[in-house]
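Presented below are the structures under discussion, each in the form of structure tokens.
Two complexes follow with chain A in common, the first pairing it with chain B and the second with chain C.
Entry: the complex of A and B
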């Protein structure tokens, strides 16, 4: 058995253990937060791939998350019944992209099926990421950070200022997403355990994909880019191409996360697109050690869960700010890494030798 | 025609504050090579502190004290968080300054709450206006433009004719060489943080009556200031002033064509276009920019 398999298996066991623990302690309502955490973690591992392995910072990933979520929410709630007669809608209906259901007041509601909305949203995000990724990834350092930050703010301003997207209220009443018959991603209390496993199952699938990618030719090329971009280029690695592909991939992860979380919550608001969210994702990746997917996912599990439970109270953003500063000042390589024990030993040795010297 | 001029006046007013933030960016960038993402927070701190102090002190004294307090905070931030780092990477500095901006913002939220504050108008009231050939201009606009112009001139004198200013420029031109000449480069960095914090705070006090200040005003101002700094060419303060006026006026005209909610979208889109097309800025030299480290 490979180490990779054991790691994934160990993680799956942890996920089951959490569920069993909440079941035994009769606190299964915690699973709601754990499920939401799963979707945020999906974004975080994609971002970790971009920051840690391709070496490109993005302060705009909440933007991709929000585009995915908002688009899916809009498509599945926007009533097309009035335009039923038009040939375009008729064509969509014939293709099976639309679904009819009853709205809150029993009226007729014709909207996109969650599956078609999901695919459309994710594809849109991939196209957007591909289009802006080209020029954005040519930039380095501060310019790259500011450009991605700017993208995030534009998305935030647009969702906040557009009345058809609910402006400050966001979109609510998003239907559940039945990915297979009987498996529904949605907020109903009865499906809580099922939703929990579906969410983490998707995360584990994404994780497996990324771990395999890192171990492959692409992964080695990426770590070469991270180490020294010019050297990698000189060795014949198409650096720009690889960076763009990882950018699009991580945007795709963010979009899927946005779509699924929106269906799970039944709503999405402009705060999902805020700069603070983007910074928070970067913080989690940084604490996890930048180049460690396992570090990122474990930190995401812990921090997102406590944040969603409201453990930090009104200091929620401040907690992330402080963590970010402390980590960058004292442990820029993150907390979760193999050398932590070694560092601790050498630190103790230094203190002891100092004590001996004095 | 009058409407056109009215829009230009509004644009110049906003342009002034963007110029002030951009100059703050440039001072720190010139001595350290880092972009201080917390620059907008200095503006917010200045406006908020002056608002609190004016309860106890006359307005001019309150403003001067607020500027001094913000300068001390700027120096403390540099000494505590940045001074002792040994050759930090750009990514690390970006994340640290972003963390600092969050920290300052959240602290301000807990001190002053979510309320909007505004200093009183320096002369007259909010409805006083001067008629300039059919265009109505608030006297505060003259204050803002006047003080900023004096500030730009004083900074020019400071950097060109005083020993300290020359030392700071030497530090930005070549750090190693400056150190060999006996300049304490670390002190220069601390000083550049103090200076840009002070300039930001003064800017915050000047525009507070017109634009209002609240705990989260900083990040928006920071991105506008950065846009302007880029537009003019990073590190070039005179060009930044010109770029600030251009952006301010463009923004105020954008309200004609687009809903006001999209005002920020326009200026950020301009920033992205500049970054994509000509990262050395409108007035910058592309060949020289390539030699700089970002």
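Entry: the complex of A and C
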């Protein structure tokens, strides 16, 4: 309980330290990439829960991310002004789901409010995850990987081929998302620091939920399913149901990440749905150590940041592919794991006992 | 005595093999019943049918007054039936304590949302789970191993952890699948005493076992299977002198059978 609190606190301190550092070095423009990193990290920790703790793989999480992002982008930019008179639109308007604003050219634009778009998008993803998760999670190992990969490819091709979703150009002009009065998730330069803290605040909240879950009865049951599914079932754990729920949960994290990043960036493109994105997320979870949320989030922070800064140049996707191969070959337990801490502890102990002896 | 488990004309066929053939028997509450038979007699299949791992082709399984055939294993487990496995199935990368805590799953209720939000009632529930697990570890002399990774233990200790995990379910019926396999003589004797102790706490035991000494010592009744069919169901002494059972085990003249 307290260890968990200290870890979360330590992480929050790191986040503040990064901001202070950029402030002092007059490089606060880096916060834009760090903010985007936060939203990708939200997806990564959800995926880590699925892969590391429940032992189920998904190579289609970019698909969930993209569905969330695209749907929210579409709903908040698609002009309903022409249909204003229809009873359906009038009803939506009455329910307060719509908002009127001026478009770039000063024309009247009637579209969904970001809040209603966000909720609708995330709920849609949850339903989709539930529907495909049911049959797909009956598969194990390679077969599950292939099925989720297939899902990811389908979403990518749909996004790329649909003209109302902007085809290869994606959707731009997505409005900022004012989650509370005065707190706007969006790309305006003035709100950079605020956006940074809002984004990482959301990640820390998500992290807290997942850490709580891991330490709970459900978390134990998920580890049991990972370890020996038949024995877990024999202990009264409804394994199929739990796998489905954790799959939907991690898809939900991906959807929220997709929605928020799209509003932050003001746009979304088909590359967000690409299979290479899914592979990248799995690579980050793998290098972080599969069964370590902290490992996953730190690796996500580092790798996504450098990737977004363009440090890997045109080899961006290749870098993540290479990382995945190297990790699987040389450190299948990831770089950040308890073992490292254990090694460090025993090393310190040895030094101390030496000192005592001499 | 009341009847806890009744099996009626249970059958299961795997392709050309009639693994279990119209087997009927019952288990009295508070008794130890053994299930024996030569290799391939269908003992484990019968176990898997009762615990819901596989669904029967026909027949009825009545447990605690409700029919459980065709239910999923977790549904059967939640009705009060716990089992151990012929090949030990502990949860790797989890401590002895955590393994046994899993056994409390059906007696607790914190779900995904309660877990994520760490709602206060889950704290007291966690505490109860922990206390019960410690109680069970004390019963099985596992206290000193509480924080050791379960799969790193010796074979005999792993057996005990698996037994502890099943006991944590507080089952009405405990199914033990060859618990003495791989144990030496003194360990087997200890196991026999332990099973008797478990029965004395009010848990009914159904055990598949090859070790005849153990079976004859502890069982109240013995069911003998051969080629999927029931050939005897009686008290240990009667089983020892049953000619058909002797035939099956010692393989007397085929003509006599």
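By definition in this document, the second predicted complex is superposed on the first by the 339 of 358 C-alpha atoms of A that agree within 3 Å, B and C clash if a C-alpha of one lies under 4 Å from a C-alpha of the other, contacts with A are read in each partner's own complex, and residues count from 1 in each chain.
By definition in this document, contacts are C-beta pairs under 8 Å (C-beta built on N, C-alpha and C of every residue); 3 or more make two chains touch, one makes a residue touch a chain.
Bear in mind the structure is a predicted one, so any value in this text is a computation, not a measurement.
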item	value
Clash-or-fit label for the pair chain B, chain C on chain A	fit
Per-residue touch tally on chain A - higher for chain B or for chain C	B
Contacts of A:236 with chain B and chain C, given as first, second, both or neither	second
Chain B versus chain C as contact partner of A:140, first or second or both or neither	first
Touched partner set for A:153, first chain B, second chain C, both or neither	first
Partner chain(s) touched by A:320 [first = chain B, second = chain C, both, neither]	first
First, second, both or neither for A:333, with chain B first and chain C second	neither
Contacts of A:161 with chain B and chain C, given as first, second, both or neither	first
Angle, in degrees and to the nearest 10, that opens at chain A between the C-alpha centres of chain B and chain C	80
Overlay on shared chain A, then closest C-alpha pair between chain B and chain C (Å)	9
In the complex with chain C, residue positions of chain A that touch it	209-210, 212-213, 215-221, 223-224, 227-228, 230-239, 245-246, 249, 291
Complex interface listing, chain A residues touching chain B	57, 59, 135-136, 138-143, 145-147, 149-151, 153-154, 157-158, 160-162, 275-276, 279, 282-283, 286, 314-315, 317-318, 320-322, 324-325, 328-329, 332
Contact set on chain C toward chain A in their complex	51, 53, 72-74, 77-78, 82-83, 85, 89-94, 98, 101-106, 108, 110-112, 114-118, 122, 125-126, 129, 165, 169
Interfacial residue positions of chain B with respect to chain A in the complex	34-35, 37, 81, 85, 88-92, 94-96, 98-103, 105-107, 110, 219, 223, 226, 230, 259, 261-262, 264-265, 268-269, 271-272, 275-276, 279, 293-294
